[in-house]
Amino acid sequence: MHIRVEHLCKRFGSFAAVDDVSFDVEDGSLVALLGPSGSGKSTLLRILAGLESADSGNVWFDDEPATDLHARMRGVGFVFQHYALFRHLTVEQNVGFGLSVRGVSKEATAKKVKELLQLTGLAGLEQRFPSQLSGGQRQRVALARALAPEPKLLLLDEPFGAVDAKVREELRQWLRRLHDEVGVTSIFVTHDQEEAFAVSDRVLVVHRGRIEQNGAPMEILDSPATEFVARFVGEVNVFPAVVRAGVAQAGKLEVRVQGEHGPGESHLVIRAYDLKLWREEPGIATVQRVVTFGDRVRVQALVDGAGPIIAQFPRRSSLLKGVEPGCRVQIDVTTARAYPAQASSLYPLPAT
Amino acid sequence: MKSVAYALTPTRSERIARSFVVLYIAALVALPLLALVVFGTSDGLVALAAALRSPLARSALWLTLWTSVLVGILDVLLGVATAWVLVRYEFPGRAAISALVDLPLAIPTLVAGMMLATLYGAHSWIGSNLDAAGMPVMFAAPGILLALLFVTLPFVIRAVEPVLLEIDPAEEEAARMLGAGPWRTFRTVFLPAIAPAAISAGIRSVGRALGEFGAIVIVAGNIPFRTLTAPVYIFGEIESGEPRSAAAVSVLLLAVALGLHSLAGTIEKHTGARHG
Amino acid sequence: MAEPAVSALDQVTRVASRDHAAAGLLDGQILRRGAISSVVFIYLGAILLGPLAAMGVELAHVGVLDALRSLLAPDALFALRTSLVLTTIAVVVNAVVGTLGAIAVVRQRFLGRALVNALADLPLAISPVMIGLAFILLFGREGWLSALVTATGIKVVFAWTGLLIATLFVTLPFTLREVAYVLEEIGTSEEEAAATLGAGPWQIFFRVTLPNIRFALGYGLLMTLARSLGEFGAVLVLGGSISGQTQTATTFIHAAIEERQTGSAYGMALLLALTSVLLLSSLEWAKRRKKVK
């Protein structure tokens, strides 16, 4: 199902949870709403499901107006953050709920439930109650339950938020496979950028009730539209800088930049893995710390006249030779972007 | 305030049902209480004061007040001790005794009074011995206290039990490891946790004791100026066709009861303790 | 690096001294346990177990069968029937009012919600005698609603209607409070899930909400049952305990005691006590089940 959202607004008191949001979702795609907690992404999802009403704006499902459609008429499957399984019903009854309230025959319901339990790997757990399941199993029951009435749109609110890291990784891959198999248009909410990029076809970055950027994962990673997006996706270094003729200057650091760089104060944003440094006298920075974690090494250095910078390297990188606290290093930035500095009031520089 | 989801917005029939319920509750509770207050104060506060100046009314109020407050205090002390024993000690019959603590909720107060009268009355071995020793229970203040202790028995115990169960054993161990003695451990680890629940439940005990009628009416003997409590006084005034003095004493008791009720409610709201 | 070593040593000696004192400590512990337990058992014995046992002994003395046989007298049977009818009505009314009221108070926003919430809790805080008096003042000869009584011909004071109103008043909080508490605990997400799955309001109520509150509702109704069977002060004042007319099981006992009919008093008391023990065990069962998992 193709979804169109136009100028959606929702306020809670004086707080604008959703602020003039418009976007399209292609039929059959898997889209992530990515943003920090409190950004309004869950409210947006709840409006799409009909669980919350919008103050203004419109929602279209396949060019049919859906704004005022009651939740039960929308044909939308919803997977709740904490699953919201019916605690008094068995797994089988939970999954069959959406069919039986619609008056589907017992035989047809049983057949569909069996099929879904196979698909979600829950066969054998039919008679269990939710309290007798693990977090990952509950998640799958919630998904099977939402899929049973064959929704045209599947909405998932922080689907992997409540399970531990290992299970989360498995569920992620499984969700992607499941989506490819079933093919239902899906939107999920997450605050975890890795999750958004790993699973989805498109990512909508949400912040303060607005869409900051709407693009394919690569697009968002490679050309973040705003400073917020740049900061939110991955570890970054930010320096106040002056940009002249496509070159940003922050202390002794000089970097060729993409993106907006009109006259005046700018913010230079450099991703931790978009720069190289190596030992060199006199260099432009002094190394403060070198930390190894897993297959990566993090080097923190103090750039003359600009402040601390963080760089990430593969563990065995030849550049790391001789790099140790106290030594001087030269820095080469491969990719960087500059954003207008007035945004700085919105996103304070990280404390160093 | 939490907003209610759009999808669950009440339908028309739900709103109609709601109006009936609201009307039912308002008519059933608010109307009679309003009538009581208006009637009790209709001649002004001066008349109210005059009615309360009757020596019998005053002695009844005083008796009710001190017995209720004493019962509240005893409930807190003995209730905490009982909850402690029921939660932390293993002994045969614990489950049965724990269940019996709720008996006062299930048994008619009048029957409770009869039970006490059977044990402490002049016909029983205990009662006759206590009488002989000059410490009568029946038709005396101790009887009133026992009856009030009985009807308020579950209040503090049931409020404190869940709090005791929730206290992290690690906290207690930490206190012990740091060299705290048992009393100090109790004071620093347990007391702050159970105090709000125990105190609000104690206040509810006082409120309940102020109004108790059924359990007392048999045990106390209702001797004017000696064992006549305020609720029994009110009953007597109604019986003898004096609704005005009955209403005056009622208004005073009502004010105290509502004050205690909201005080307990405030404590519960601010500390998360729950009554009942 | 000297400091940690010292504190570790300190700890070792402290543990050692603790072990050293363990024997003495254990004695102290047993002593304390004994003291607290004795106080508690004396307390429970004096107000709960003793009286219960005394009642049992007395009944054995009077003769359980004789006591129960006395209940076959017409006025005893009438009082019993009145109590049963009142209790049945109270349970049915409170099942509906408690459930709808709790849903309204917890799930809906409307003018006067806070007031309803506060009013529903009040009957627990008010003396039964005052409740009786309040209704007399409302429906009595000079009362605000005396016109209503004359117009409809339905008497309240010293009448069956009065018994019913008093019973409904004192039992109002039980179901409403229990159900409201559980609704609050459970939250709305299951109901929302049902809505997205296509369930209508009635389906949500009967298939999700009601199953979730059923044990709380059951507990509240058992309390309602206990209270309406056991209510004494309010029905005595408002009903007047007229034998064969407005006498309930409890006011029957009161009248029997006043008339020194010890046999019938004990018979009725035994019946009520047995009922409440039965109720108590059901209450304990419902209490365990009503906890939100």
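For reference, chains read A, B and C in written order, and residue numbers begin at 1 within each chain.
Everything that follows uses one rule, which is that a contact is a pair of C-beta atoms (placed from the backbone, for glycine too) under 8 Å apart; a residue touches a chain by one contact, two chains touch by 3 or more.
All values reported here derive from a predicted model rather than from experimental measurement.
When C-beta pairs in contact are tallied for each pair of chains, B-C comes out on top. When every chain is reduced to the mean of its CA atoms, the largest separation from chain C belongs to A. With centres taken as mean CA coordinates, the chain nearest to the overall protein centre is C. Note on chain placement: the centre of chain A and the centre of chain C lie 52 Å apart, centres being C-alpha means. Work out the mean CA point of chain B and of chain C, and you get 13 Å between them. If you average the Cα atoms of chain A and of chain B, the two centres end up 55 Å apart.
Residues of chain B in contact with two or more other chains: 3, 5, 7. Under the contact definition stated at the top, the residues of chain A that touch 2 or more other chains are 49-51, 70-72.
Among the residues of chain C, those in touch with two or more other chains are 192, 195-196. Against chain B, the residues of chain C that register as touching in their complex are 14, 28-29, 32-33, 36-37, 39-40, 43-44, 46-55, 58, 97, 100-101, 103-104, 107-110, 112, 115-116, 119-138, 140, 143-145, 165, 168-169, 172, 177, 181, 188, 191-192, 195-196, 201, 204, 223, 226, 229-233, 236-237, 249-250, 253-254, 257, 265-266, 269, 272-273, 276-277, 279-281, 283-284. Interface of chain A with chain C (complex): residues 49-51, 70-78, 80, 82, 84-89, 97-98, 101-102, 131, 145-146, 148-149.
Across the interface of their complex, chain C is touched by residues 1, 3-5, 7-8, 10-11, 14, 17-18, 20-22, 24-26, 28-33, 35-36, 39, 78, 81-82, 84-85, 89, 91, 97, 99-112, 114-116, 118-119, 124, 126, 146, 149-150, 153, 179, 182, 207, 210-214, 217-218, 231-232, 234-235, 238, 243, 246-247, 250, 253-254, 257-258, 260-261, 265, 274, 276 of chain B. On chain C, the positions that touch chain A within their shared complex are 189-190, 192-200, 203, 207-208, 211-212, 293.
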